[in-house]
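Please find the structures below.
In the two assemblies presented below, chain A is common to both, partnered first by chain B and then by chain C.
Presenting the complex of A and B:
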């Protein structure tokens, strides 16, 4: 009874979450076991057909594509984001909040618009190509659009703030006297970074990786606009199945597959954060 | 005269506009236990960090064995620090924490390292804890590991930044004795920072009193305790009765002063310093005695109150309207109650006459 009282403030949130997250999620799961007629209408007849189709090699390839894209996005954002976050923590407080603001600023602009920005930049008649042609560095415009790499760049650009903020918090929280103790014991800056700072910020890295990995599975418009649909990712596939393929049950099955992938990553993150964070955070 | 191990020459340090260290000059001798004593914010920790190389200095020089280490980064100086919060690496166990320095410096192979780690852990009585992580240790144990981690590098100087501050009183007293023993045993020069006068008096060979970025006095615990150079030190170290008095006659060593209706002879702290018309009389509360008989060179007054506080008896006496506190550790040779007239005497070393100059600043 006492516990109930203590947890009372959480009840509205629980209702909110179960209505707006739990219910739709359940619909998706239920939908993935249903069939459809030739017009794409849902027929309430139980089937495992949708799940069987997921394991078709063609579709498994889509899973793999998405997984590779997400992992690479995570790695790129980590490689660029870690130094940015690390050096931001070294700035004076005023400069620091300014830099953080700059990092968060893109969130105030529609991500769709920003993706179009990349087309303006990278397209055949885009800024970079016009500049290179003007300067006579290249004769033919470079073909930078509609490749796997283009999608990767766009995805990494879109999600890097998550990585930077996660790592920043982790580095900022690190006890400065540990770094000083390492210098004091004879370690150079670089050795201190490798032996102390890096291992102690692994929870931040894992957190950032998770925050980047999960949305990169679903942001279909980035690969639609920048990748031109040449490589098919999970997000695009689900989008196509719903909007053009009229096969919502199959789309639901893929969604469930994606959720399983996300849960897997969250599980690994939990293990890492718990293991490394012991006694620290 | 032996060459000092560490020579600090006119060190100045600023943080923004505030002048933290003002022209600090100090010689530290090989093998001594030196304590930097001062209230918080006096600059003692900053001075320690300057020696460690964790902060730079604006002017002046630091010579270690005659060579300037001013421009050497912390990792190139052969001094080690025991940090206030221990700063043990949480992701490494006790063995790896202690082995960190030698491994980074590549100063010994793993076999020798193993032996040395065992040695220093033995020295701080932490054998058998090699596999533990820092968060599995108590405060006192972490402290010992931190000391072992520093000592394994055989530093020229071990810097200790209020290392006992986070421990409870009993453990602190115990560790004081241990630290002093460890220092004698290893022969390492210790520079110890604290704001706790008792710690300083207990362990040190020499105490350096710092206030507002300046060295006020440097001397043995006995010297600093009995012969404070000014009022700040007198007030900071030990519990004293501090009274404004009139100087009647200035002598070489003793001056004749007037306190209310009493005329007394009191030792002077410096030469010229109690030459003014007025001076400050400072007497250790625990070096005073209450007696029922008339005595020479004493004060008489009326007992205001008597408190029994365990081992000590605290009596407040009004002498010509001024309140004087006497702390005694055994019963006086006479019985008295509140309202009785008594005589107060003191050990000669416990009373001193100080210059007036900083009376107001100290807000006494």
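Presenting the complex of A and C:
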């Protein structure tokens, strides 16, 4: 009874969140089981049609595209970001805080601007092409826009700070005496990194991967602007279904699919982090 | 640490930061280009900025964005701070539950969150516009305020609160006269953060804007879809300057507050 009284002030907060997150998510789930009439209006009739359509090869391909994009984004940000994080921990404190500021600063730069920057660089009349033509390296402008790779570059660029911060925290927390012990026992720098540092920073890697994976599923404006809609990803599909196709039940079913994918990643992450006795969430 | 490893480290980090900032800097640079194409540099001009200031649609979108951002930041500051203070007093289990629940809006991909809010608000027959924009933006701004205020609360010397209690202060009195003044700088910094986040949001705003309430980022996105013009560069540059101003102000307040700290 005392506990109940102690927790009473928290009730409005719980109501607020459940009203704005819980209820909408429930509505999505319900809507994903409803059908549409010939005019596209929602009819309250239970159907599994929307979920059946998800497993249509065309739509499964979209899921696969998004999954591949998210995994590759995670891998690229890890490969490029890990050394950045690792090297940053080795800097002197003053330099280090400056470098960390440089890593975080892009968060404050509009994500649209950062995507647009790549159009300026990679476009047909973009900076890279005009530079290459002026230097006579190529005669015709290279076709760098509207490819899968363009979207991948943009997505990795957008999300790499998350990966770096997650890995940095993990490397920074590392027990330095273990590394020193390894050196004292005659292990080389590489060997120490592979046998001590890397395994001990796996929770940070898993955390960074999660932080990169989740948003990359939904940032439709990146694939829209850089990929030109050539390869269709989940975010674009859901967006198009709602804004142009007016097929909300199907969009709802895809959203549920996306959330399931996220839950799966979080589940795996929790497993990895719990094994190592720490967690991001 | 030998010198070669140190040189490689500097080289790698420099290369990385060049790649990180070149796209941003080229957007800024080409907002001053006389030619409307990025193919060559035709000379310095402020023409694109002039065009921007004469654009009625952009001015209207900007107005809506600012209104929404200010309302969002006030609402998020109130809810986030209240939650952080409440979390001090509830049971451990409940605190854990609040922590988890606060992260929820950040864990659902924005598209899914946007769609679900769209469906929910249409079912409630809420008019799409300022109200839906502020509600949805505050949803993902509150967690940031909550986290920042909580970090500050953890720093408070609990013996002060105990002393106040022993001297007979009521809980509300303690909150008002001790806790709130101590966390005030954090609340201010967090509200500025919320302001910046709200001003930058594209995805959720796409679904929450009504026909007459397009926010600036949504408008910018539609401009970018049409094509590359230096006008877009100029607009992006101005937004960047504005955001940096807000964030810089927040940092300044934070620094001052930390310096003043005597205990």
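Simple rule for what comes next: the second predicted complex is superposed on the first by the 263 of 281 C-alpha atoms of A that agree within 3 Å, B and C clash if a C-alpha of one lies under 4 Å from a C-alpha of the other, contacts with A are read in each partner's own complex, and residues count from 1 in each chain.
Throughout what follows, contacts are C-beta pairs under 8 Å (C-beta built on N, C-alpha and C of every residue); 3 or more make two chains touch, one makes a residue touch a chain.
Keep in mind that this is a model prediction, so the values were computed, not measured.
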- Message: According to the stated criteria, A:112 is in contact with first (chain B), second (chain C), both, or neither; which is it?
- Response: second
- Message: Once chain A of both complexes is superposed, is A:226 in touch with chain B (first), chain C (second), both, or neither?
- Response: neither
- Message: One more residue to check, A:200. First (chain B), second (chain C), both or neither?
- Response: first
- First, second, both or neither for A:171, with chain B first and chain C second: neither
- In the superposed arrangement, which partner chain does A:23 touch: chain B (first), chain C (second), both, or neither? second
- Message: One more residue to check, A:7. First (chain B), second (chain C), both or neither?
- Response: second
- Task: Between chain B and chain C, point out the one touching more chain A residues.
- Result: C
- Query: Just chain B (first), just chain C (second), both, or neither: which does A:152 touch?
  - Reply: neither
- Message: Once chain A of both complexes is superposed, is A:248 in touch with chain B (first), chain C (second), both, or neither?
- Response: second
- Touched partner set for A:182, first chain B, second chain C, both or neither: first
- Query: Inside the complex, what are the residues of chain A that reach chain B?
  - Reply: 175, 177-178, 180-188, 191, 195-196, 199-200, 276, 278-280
- Query: Which positions of chain C touch chain A when the two form their complex?
  - Reply: 1, 5, 9, 12-13, 16-17, 20, 22-24, 26-27, 30, 37-40, 79, 82-83, 86-87, 89-91, 94, 97-98, 100-105, 107-113, 115-120, 123, 135-136, 139, 196, 200, 202-203, 206-207, 217, 220-221, 224-225, 228, 232-233, 236, 239-240, 243-244, 247
- Message: Which stretch or stretches of chain B touch chain A in the complex?
- Response: 52-54, 73-76, 79-81, 83-85, 87-91, 100-101, 104-105, 133-136, 149-150, 153
- Query: Can you list the chain A residues touching chain C in their complex?
  - Reply: 3, 6-7, 9-10, 13-14, 16-17, 20-21, 23-25, 27-28, 31, 80, 83-84, 87-88, 90-91, 99, 102, 106, 108-121, 123, 125-127, 130, 157, 160, 189, 214-215, 217-221, 224-225, 234-235, 238-239, 242-243, 248, 251-252, 255, 258-259, 262, 266, 281
